[in-house]
Amino acid sequence: MGETSSRPLGVAVVGYSFMGKAHSNAWRNVGAFHPGCPPVRQQLLVGRDASAVKEAAGHFGWAESATDWRAVIERDDIDIVDICTPGHLHHDIAVAALAAGKHVLVEKPLANTLAEAEAMVAAADSAHGVRAMVGFNYRRVPALALARELITEGRIGEVRQVRAAYLQDWLADAAAPMTWRLRQETAGSGALGDLASHVVDQLHYLLGERVTSASGRLQTFVSTREGDNGPEPVTVDDAAWANLTTSSGVVASVEVSRMAAGRKNGLTIEVYGSRGSLSFDLERLNELGVQDDLGGRVSGLRRVLVTEEDHPYLEAWWPPGHTLGWDHTFTSQAADFLTSIARGAAPTPSFGDGLAVQRVLAAIEESAAGSGARVDVHQEGTH
Amino acid sequence: MGETSSRPLGVAVVGYSFMGKAHSNAWRNVGAFHPGCPPVRQQLLVGRDASAVKEAAGHFGWAESATDWRAVIERDDIDIVDICTPGHLHHDIAVAALAAGKHVLVEKPLANTLAEAEAMVAAADSAHGVRAMVGFNYRRVPALALARELITEGRIGEVRQVRAAYLQDWLADAAAPMTWRLRQETAGSGALGDLASHVVDQLHYLLGERVTSASGRLQTFVSTREGDNGPEPVTVDDAAWANLTTSSGVVASVEVSRMAAGRKNGLTIEVYGSRGSLSFDLERLNELGVQDDLGGRVSGLRRVLVTEEDHPYLEAWWPPGHTLGWDHTFTSQAADFLTSIARGAAPTPSFGDGLAVQRVLAAIEESAAGSGARVDVHQEGTH
Amino acid sequence: MGETSSRPLGVAVVGYSFMGKAHSNAWRNVGAFHPGCPPVRQQLLVGRDASAVKEAAGHFGWAESATDWRAVIERDDIDIVDICTPGHLHHDIAVAALAAGKHVLVEKPLANTLAEAEAMVAAADSAHGVRAMVGFNYRRVPALALARELITEGRIGEVRQVRAAYLQDWLADAAAPMTWRLRQETAGSGALGDLASHVVDQLHYLLGERVTSASGRLQTFVSTREGDNGPEPVTVDDAAWANLTTSSGVVASVEVSRMAAGRKNGLTIEVYGSRGSLSFDLERLNELGVQDDLGGRVSGLRRVLVTEEDHPYLEAWWPPGHTLGWDHTFTSQAADFLTSIARGAAPTPSFGDGLAVQRVLAAIEESAAGSGARVDVHQEGTH
Amino acid sequence: MGETSSRPLGVAVVGYSFMGKAHSNAWRNVGAFHPGCPPVRQQLLVGRDASAVKEAAGHFGWAESATDWRAVIERDDIDIVDICTPGHLHHDIAVAALAAGKHVLVEKPLANTLAEAEAMVAAADSAHGVRAMVGFNYRRVPALALARELITEGRIGEVRQVRAAYLQDWLADAAAPMTWRLRQETAGSGALGDLASHVVDQLHYLLGERVTSASGRLQTFVSTREGDNGPEPVTVDDAAWANLTTSSGVVASVEVSRMAAGRKNGLTIEVYGSRGSLSFDLERLNELGVQDDLGGRVSGLRRVLVTEEDHPYLEAWWPPGHTLGWDHTFTSQAADFLTSIARGAAPTPSFGDGLAVQRVLAAIEESAAGSGARVDVHQEGTH
């Protein structure tokens, strides 16, 4: 599959529910906002229910629908396979698609197990001429991309500590019913895998280095919920806490919860450096708090509305003051992926980046399973 | 042109710069999020520069481009004409399109003159079987739609006063150059027409009644700016103030400015009633401040994140906590227009609503031209 | 009365309710925080009810109490007369005290009528060796004092427009009973005199110049309230609006209300200049919003916590980060008054400053009584 | 020492710097705002430097000064000994004063060592007719007292998790010089003892139960600072993290730092329960965030301005909307202490409460000294 193909790149998305809808939106719009990217063709939407996926394909702008992903990835008119299925299918589809010479985008988390994630990294490393990326879409929030730039430039000095949380409240009500997300066999983990994964990837992204040790705790506050057949044990965590150290010695605290009444999508990150600090809240994703001094008569945290033309990703969108929403991050992600394809360059976050996150989560789980003591995270092979 | 056509409705957008891009985005996405609406076909993008409009059409998802709007509105495969040109062209295109039996959507303001606006209302009133709407897109901000619902339900009691502003800062720098927007002959007015029009429409929308008297003031703080041929007088207002009264006696204060350093898109509205209050800031458009009592031990202004499924327009989008951006309002606007077409019902805001806003602005100008005394606004024929 | 007296200055406060309590607090504490000021002796608290004032004097730290202010101001051991009575008594006490050679501090507003205020200014001008000040305590809010410094230094450039409001809600409930504050004969005016007076004084203070023209509007939303003897008409304004111009051409909008549900003490001031802006909210009086540029990649409104040692008034109080409350402003006011006494220098705000505010309020009332047209404010003799 | 003494209670404060000034302020003002409390007489200020303490006594309103605390506590005219010295003197003064039959108030922390703290609790337990209290003044922040009431009433349901921090930035600058506060031998610990002590006491106060297990981490980011004799090692922590569990199973995360650029006095507490949540920030101490439901159409975090008459401590102060500052908490603390003396009832926080906090801090240190594993906190004898 060449990067220099003159026809539009054919895209297939596997999965058509929440993430499939978000990714479809990205492919439908990327050309309008990123005319410099290679053009794409929304060819195929893949799902298990033939009639439902056909209807979704019609609404979401796809030329066709299909039910067998294995057949799809063999098609010559498909250049990009975008995997939006539940996590346990990521490995098989990604490995097969890479083997078939397709570019692959996988929704986070990379896989449900470390072994699968490692195999996927190996597959990506051995594939030639194709690109593999994992979909941590918050790397495309302009305010967070700006934060990374400011950190890299040294504007807040040497980073010392990060205070991060991802708080939601959809399980705060003890009467909320049992779902597959609350069973370990189907979901893998709870708030840890779902929410802390975003936080850890942001740490890696913002700081440009990896977490190398972790201590942690997991808690299930509501241990039984009403299922279809009566009360059923909840076997994943409702909340998790971690204390992390990066390779250069930054200390990061992490708290994630699905029980935090009043917080809907509260990914908050505060970064403290030797010369200033940054703060962010996903519920106000167009804003970045910036303090780039250590005090003084008119010193204070600035509320930067990240909608200027010279802010990351903003050139593609609207004039200053016109805010973006959550879904715009997926369109920017698609553009970044297309750019990496066009340039023949490795995209970020890579599968290795996805594996690096999962190794941190595994270390947190290991620590939590004991008495919370610190454990090392071995990050070899996550580049 | 029937509303019951079985083929997708053919759309033509006239204009392809900022607003043309925003409206194109809406037509491209409305089907994905509003599968219940009549399907549309992005047929034609119209502009004066053949090569530029062709390129834009390609990026924005249009099947064709054209340069002659008169020819376009005659085409049988065009059902909807969406006018995104500068204001002085609105009248001619809209009247012709209505006469040709097309549904018409016109960007705000309805027209540059009261006479043109009145003629457009007359044209819309006499057209049969087609719908005419003016594009005050902020009516589709979920938080503002929720505000209207709450007011209508009486949750804050009888409204007494509204404190509103629309503050931007792109002219705060006296060194910012002269543009056509700062010449009366091309722009009509300055902050008043551009910004106060949104505020006044929101008053009408939120309160469900019209402004019937107005006093006002206009100010040009930087009276000369550097143009291509040297210094040139600025002949429109940089800022404007108004004190308005509605038919039921609500008092509204309005302040608009392009000189408000630090405010990028600060449309702020506070509504005070006999039993509570509401507050809104467009820079945080996913939030509504709600106080629905008159005090007490745990009383205070609530920050409502307007992203729940039972919030206006949200069902079409994403799960709770996943925010929208500025451009989503245009997609919802397109959906509302399509729904009114499907139902054969009058859309809002109608051309009459657009005229009503302009009559208020004219009254403010009249007051400001004198000593700022209150003048009546005659709202007949604006329904 | 010499400024160089070696014994502590004897203070008498006239009035012992809300303002008397606040001023007593100031005199009790000024020495502890301002050891460089002339020492004071809390000698006398004066009130009409002998037993009540005696009890209050005991609690508030006064050596004696008395009921006859005329006798008090003649006493040799009284150097400062601080007038906290209702406004209609200000004139007589102040003029007599000045004639008796006492320093005089008068709570705002200076007087209930322009004629009285003018007479007081004349009395202050003709008194020798004594100081006269009016108590606009918000001039001693550190954040507002900092704002004035920043404006004076030119940090936000040339000021163009000010957006100000003072919103409270204690009358929002239509069932709130009739009081003397809602009768014109006792209260003079409503929100205008009570709240707009603070706003206008702040304009004069922050900008260092006077308001020279005004247009305005007054509104009584609840025209009848339940009194002791049944329903009774409300004869003062519940809310007021004004549009003001200063001598240099700054335009200020003012809105005040006692009907703004949810706002308890919401004095908010936004100042927009040619190079930045400032913002303030009395409900968060330890903070000042500062933007001192016109934009850029990390530009935004800074939240300055005004508790640093180099902030105005802060040296007297606590280390950085330890906030002040409302009442601290009165202690700082007392310190400023004592300093002016010690230096033999004119204090600010002077009686002339108090008169200047009242002339603006009178102009607003005059405009409001007509059709809201702009009227001139004659500021001679208000220096 | 009887509680029913008819003469005012004689107070001696030991220490006259920052805390001595704050406590002096409290004793000077408590009578004015709490006329129902037993009256007090500001008799003696004690300090080592005779001339400096004499001057301070004069400014702060004390009748006398002295240098020998042992002589002072023997005096018959002293009823209350208020200890504001450095921590290593707390034990000796408190134990001697209790033995001399005086009521004792000790600034936090109770003592520098667990052994001293335990001895002080024993001394307080065996003293008869006198009251002993430790000065965690933030228990008198009205918003936090309201938070406790709301939690106790069950308004946010069963508490599950608490997210707390105390962030300052006075050491963020690596060039800030060495001080005694950064040497273990003089300061005991760093951010942990200074800041986390407040957080832990708030946990005990708000939840009405004790922390029973802890894991923790300490970090010194700037390990050497410039002292009078050249570079010197910093031997206390700059920042600390802890994960705590209370007796009922609430999980609390704690982060404290003196390196958090931009935070001046940022004690922030978020409490999440099964039916709602609360949030607080000491930099905005007049406000409490309250969410008392689990969602809905107009649900959101309410900003409650805690200045109403029915809010804790507010009746003593000013009308609604008139905010308090940091120092008011000490006046309320004095009033609470006097009330407990008058009633012959045990005050809170007791010495036992102070010991309970120190046991938690000791457990955090123990955990941090190892690999961060969880350790039990034995809370016997801390009642």
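Read from first to last, the chains carry the letters A, B, C and D; within each, the first residue is number 1.
What we mean here is this: a contact is a pair of C-beta atoms (placed from the backbone, for glycine too) under 8 Å apart; a residue touches a chain by one contact, two chains touch by 3 or more.
All values derive from a computational prediction rather than experimental measurement.
**Student:** Compared with chain B, which chain's mean CA position is the farthest off?
**Tutor:** When every chain centre is compared against chain B, the largest gap points to D.
**Student:** For the interfaces A-B and A-D, which has the higher count of C-beta pairs in contact?
**Tutor:** Looking at A-B and A-D side by side, A-D shows more C-beta contacts.
**Student:** When the C-alpha atoms of chain A and chain B are each averaged to a single point, how far apart are the two points in Å?
**Tutor:** Each chain's C-alpha centroid was found; their separation is 35 Å.
**Student:** Please work out the Cα centroid separation of chain A and chain D, and write it as a whole number of Å.
**Tutor:** Each chain's C-alpha centroid was found; their separation is 42 Å.
**Student:** Of all residues in chain B, which are in touch with two or more distinct other chains?
**Tutor:** 295, 299-301, 305, 320, in rising order.
**Student:** Considering the complex alone, what residue numbers of chain D touch chain B?
**Tutor:** Per the touch definition, chain D meets chain B at residues 146, 150, 155, 290, 292, 295-305, 308, 310-311.
**Student:** With touch defined as at the start, can you tell me which chain C residues reach chain D in the complex?
**Tutor:** Against chain D, the touching part of chain C is residues 18, 21-22, 24-25, 28-29, 31-32, 35, 55, 59-61, 168, 170, 264-266, 283-286, 305, 307, 317-328.
**Student:** Residue numbers of chain C touching chain B in their complex, please.
**Tutor:** Within the complex, chain C contacts chain B at residues 156, 160-161, 163, 165, 167, 169, 172-174, 215, 217, 219, 221, 239, 241, 243, 251, 253, 255, 257, 259-263, 270, 272-277, 291, 294-295, 299-301, 370-374.
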